[in-house]
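In the two complexes that follow, chain A is the common piece, with chain B as its partner first and chain C second.
Now for the complex of A and B:
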């Protein structure tokens, strides 16, 4: 009963938000408010969250598609870089959200669309990262060097701008590794596949860990550094500063501008990934993946070459991770096996499941929520508690001195616990995720009203279509 | 004459599961453009035989030819490409997909779009998708489904699910359609509808139909030729009237000593069995 009241009031609130011009006003007000708040106090977490929610809300409100698109471009290309230049930390968070969105979308093709469990997904990310890590550093000249030593005067193997080509190479190489790692799916299903992919993922990580001898490919557990970043066009930096210096308040340094640049590249990659994913989902290939997930035997009987499509899912999913891996290596200028653990693979899987398995916007929200939870909320809460601990503040009535608060209660230490609790609650109360996947409703020709009296099915779908398209009835 | 006389021909097909011989030396031929049935008691190996025909099981011995071409050992998707389609005894729709999508999955082998076209969303891709959707709607109408295109297939009532399954099979443009107990669980009115649908498929679309069926009224009513299986072997074949009078058949259905019974008894027994 209670849940119904909550749901009903939410629904009527949603209906109110979507009426007429309301969505435009609401999202404009929230966006301006969020932007101004973040601008004024770049370190405030609530301000950032408000901004993030405003951006998210404008996607879901019932507005014209062109307006949404313009808003998205405005936010991604103008507002975020400016706000980010004032506090690089935000840029870092959003960069990570973008990276993990692409990873989660890639894993979603395998797990969500085709229903194949993959616990070793980080391996593909590692492949991309080590691809540029190797070729974008001095490593090719260090094959015979003792790991960890760099003879003076060692040159870089490639010019830094090869980076852009390696994003594409990352796609191809990761896809090939994906095919190889996907080979077990031809024989194994379900739980067994999960275990095998886990093993494959660990193999890749152990290779990275141990390929420092006999030939030093990966520099072992120490990782490869420095890795080159693409060159920074000075004119671009000058242009950015000339344009936005009054807004940012100070000149952006080259290092800070790199953050903006990587952020923009990451957003570009994510946009491509989203478009590709949407188009694949709504095609013969996407339908075949869904059919395999639902009933493999029936899918085969309908003429679907299941093995080929499963391998394809692995390859496509891997390719997204490969591209992001190249980007990751360049942005960090450092790769080491530690970044590609089993726990990381599970983390990406969590984003997919939390957000809504099989749902593209859901998976992106999952990536955002988990990343923000990971890097922002808990850590800043820890910081807040640490400040309290240093102060002389006392909780009245129970007379508790904050400085007596044990270090063990540091929330950032409980990240996994909080995570676990959220996951358990989600699985109990909303097992399909924050934004569950829905099958696309098609505009089918309405059935003859004479034949089917009182049939409301067609009207419903028509109304939903109008809503989806954002047609404004006034 | 390019088209062979037999659309489907099997010789001595054997399928074993461990020590059990589920299909034993099954030889069976079918003329194009006819409606044939395979009947037999539960566990006689009918569905196993179907599964070997559609490639889901590999045969141990014997050969299967479809339109004059050996197909035993082919993967199921390859057989579907050759214009043979099937439905399942226990409906196997893609329950989480909409009805239209289910039918469009059936058209998988007939769609030419490739991965590159899909990602680039070319004009040809869009046109083909629109055609596939229109075709799916047409098939829905043909099998008598209205206004449920956007419903999840798993949420439909039983009879409608059977229709979707047939529409999905039709989407693959079959010349031979294998129907595994297509009227199981239907009430008499639905069964009536289904039977006339099968006739239309043959008369209007020229599709050859092979049925496995328990409902003797359906079998006797629609089949032009009936094969009877028991313990994995074909024990009789002939026209409905001959089969109904065949003592071996009656024995298989009603047990030893009942061979003195007549066709009416057989039909009644079959009908009861289908209801149970």
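Now for the complex of A and C:
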């Protein structure tokens, strides 16, 4: 029982960390250390990882809620913008983490809470992005233009500050599309539903790709650009510079400040999403979702309107993605169908599954880990290989020149492999994720429920299964 | 294996060979006739419309003649595509029939088959034997390449089942599905890694050899002053012939041999089959083997027809073949054949006529959307497909 030794020592270590004042000291020390390291060497990845871990650890330690909250606000509003102003790349990473956290939380409502698999989740994100992409650019005046051409003097359709309204519009429109895409749940469930969502997602992407004629709505594969960003409050920029200039070391330009602003908006949206998700999970609706997920027939027999609630799950999940889509379009000033492929949908699913289906902190950690893996670790590995390629280094024993390494070996392009391996391994060894939802943990700690013999070929019947589940829930 | 492949009786075996051939003929002719009739009615309805005028102005023929003239070529293309889809769809449908599980990685098994066969032919080409081969020789190499594809794909399919699906066989239904998605993505990049490390390019082009690219003229249609030639590429004939052989062979294995009987019994009730002394795991492995082998052969046929392949080549044909399987009734071999032919026809008709009939507003790029719509509509309104019986859904 080697695993038990590891688990026990981890548990005693955790107990040690959580004793008395230790958690406050530990998180303060780690946070200061991480911040200083990132501040001193803005390009070092280990420093950033330490910072990320320090920020994440504060959540799990046994501290007073108010202290945790204060720490979170301090990190989000003060430390990250300052560090980000010193190295904009981190801000980009954290911005992406925030965006994907919101997406993963939205997908989590569909997959985790109500147990419906959705392979076309990026479609809702696309709806939000194209909503602002269309109305926030010159596109409404270009309906009859040849795709890719802009007659000189074309005005923007709306004033830039409509963006804030469109975040709410994105929520509503995506929720409506979610309802439409969810309609098949009235008749279909299980794997067939998953395939339908895949089909719907692909249809929306193909429409984005092809709707440049007869009327040029989406500008086809080239995508829509430029899309407006909300106007920058000059006073705020001046204020930020006056306050933090000595710390940042240089004046922050308007363009850099846009990054900070989008980051703050994203954090705000994520906070709203988290609050909504928590409230939903603990509500009557959340419990009804769990009931449907565990046994739909029994839930219906108890008077739960399963169809309505499943549609609701689709709509709520979609609405988060819609809001983030609007934000994404504005922050990139560019949307194209390339950003909304099946690969991206599976990426968000990977985050949910890695973190823990149905677990809110788990899903956020999943989003953070996968995003850091994608945009930082794989990228820097690529850079490292590129440097090796340019050097004269040789692997000694087999006498391999790094120069001869194929240009195609670019780890940052192998996202599929990463997603695929994560999915397979998680499904086989830890289907509940890194940080399982409390409820699932309880279910799985019951004996026999995760016993997967695999070679008997025995499949328990529905009645047996339901009975076993019922026992597990005691 | 000889004992397992023993046939039941002579006449029955003959029946199992002739019956699917007859069905294929009926399906091809029937689907072709129905599609042609619908298209003609549409053309007649569209007389005098803007599309009609545009055609008269640009090509000097009205829309009915245009439809008629293009019909034979469209039908030939549709049948070729349909048989490729049918061969892939069989892999989905067999696995679904036995395990009630959508093997998402089947599209990558298909891609692996394509790459294995094409790599073999490229190797032969480099050795110079391909160019030197006579007409019979080129067919021999093609058959060898098909065997290579089938072995590679069948082997990988079995391996995938053993490593990624078997440990999850008794988990909730969505767990192996997610694992299958993972396998599908991982395999795409593994193919890409292997191919790009060996040459620096991750796509491959089928070497040209033999007379597969030659077109056999069939007949020509006179319309006023000029005439349209209807022809068929030799490779289309090869694709159809090979697919027909494979379909008949599979049908024979499943319906007329002992191992086929074992497969059917495992599909019907795994526990009872195990009690009757059938090695359930071996049978499931075998199912993946032949499903994968068929998919691999289809991959090579696809490469022969479309020449250029890349690691992501499997996704669209895979989804469409799955659509075909659902369309015909998943779990039903005959249904997969029917579904494949219908979907191939639908796609080729959409590709050929959609642009003209809508005056360029919606072009052939909408054929994918049409396939997805067919999939969604069938799953929602007739999940048992055209031929399948009502299957209960286990969530």
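Side notes on the structure shown:
Going forward, the second predicted complex is superposed on the first by the 398 of 474 C-alpha atoms of A that agree within 3 Å, B and C clash if a C-alpha of one lies under 4 Å from a C-alpha of the other, contacts with A are read in each partner's own complex, and residues count from 1 in each chain.
Assume a residue touches a chain if its C-beta (ideal position, glycine included) is under 8 Å from a C-beta of that chain, and two chains touch if they have at least 3 such contacts.
Owing to the predicted nature of the structure, the values given are computational and were not obtained by experimental measurement.
In the superposed pair of complexes, A:381 makes contact with neither chain B nor chain C.
When both complexes are overlaid on chain A, the residue A:60 reaches neither chain B nor chain C. In the superposed model, A:414 lies in contact with chain C only, and not with chain B. More residues of chain A lie in touch with C than with the remaining chain of the pair chain B and chain C. Within the superposed three-chain model, A:299 lies in touch with chain B and out of touch with chain C [touch as defined at top]. Once chain A of one complex is fitted onto chain A of the other, the partner contacts of A:141 are absent, as it touches neither chain B nor chain C. Of the two partner chains placed around the shared chain by superposition, neither chain B nor chain C is touched by A:157.
Put simply, chain A uses residues 452, 455, 457-458 to touch chain B in one complex and chain C in the other. On chain B, the positions that touch chain A within their shared complex are 54, 56, 75-77, 80-81, 85-86, 88, 92-98, 100-101, 104-106, 108-109, 111, 113, 115, 118-119, 121, 125, 129, 133, 137, 146-152, 168-169, 172.
Only residues 115, 117, 119, 184, 187-192, 194-196, 198-200, 202-203, 206-207, 209-210, 213-214, 296, 342-343, 346, 349, 353, 406-409, 414, 416-417, 419-424, 427-428, 431, 452-460, 462 of chain A touch chain C when the two sit together in their complex. Against chain A, in their complex, chain C makes its touches with residues 101-102, 164, 166-171, 173-179, 181-190, 192-193, 196-197, 199-202, 270-271, 274, 280-281, 284, 315, 319, 322, 360-363, 365-366, 368-369, 372-373, 375-376, 379-381, 383, 393-395.
Contact residues on chain A toward chain B in their complex (touch as defined above): 276, 279-280, 283-285, 287-288, 290-291, 293-295, 297-306, 312, 439-442, 444-448, 451-452, 455, 457-458, 461.
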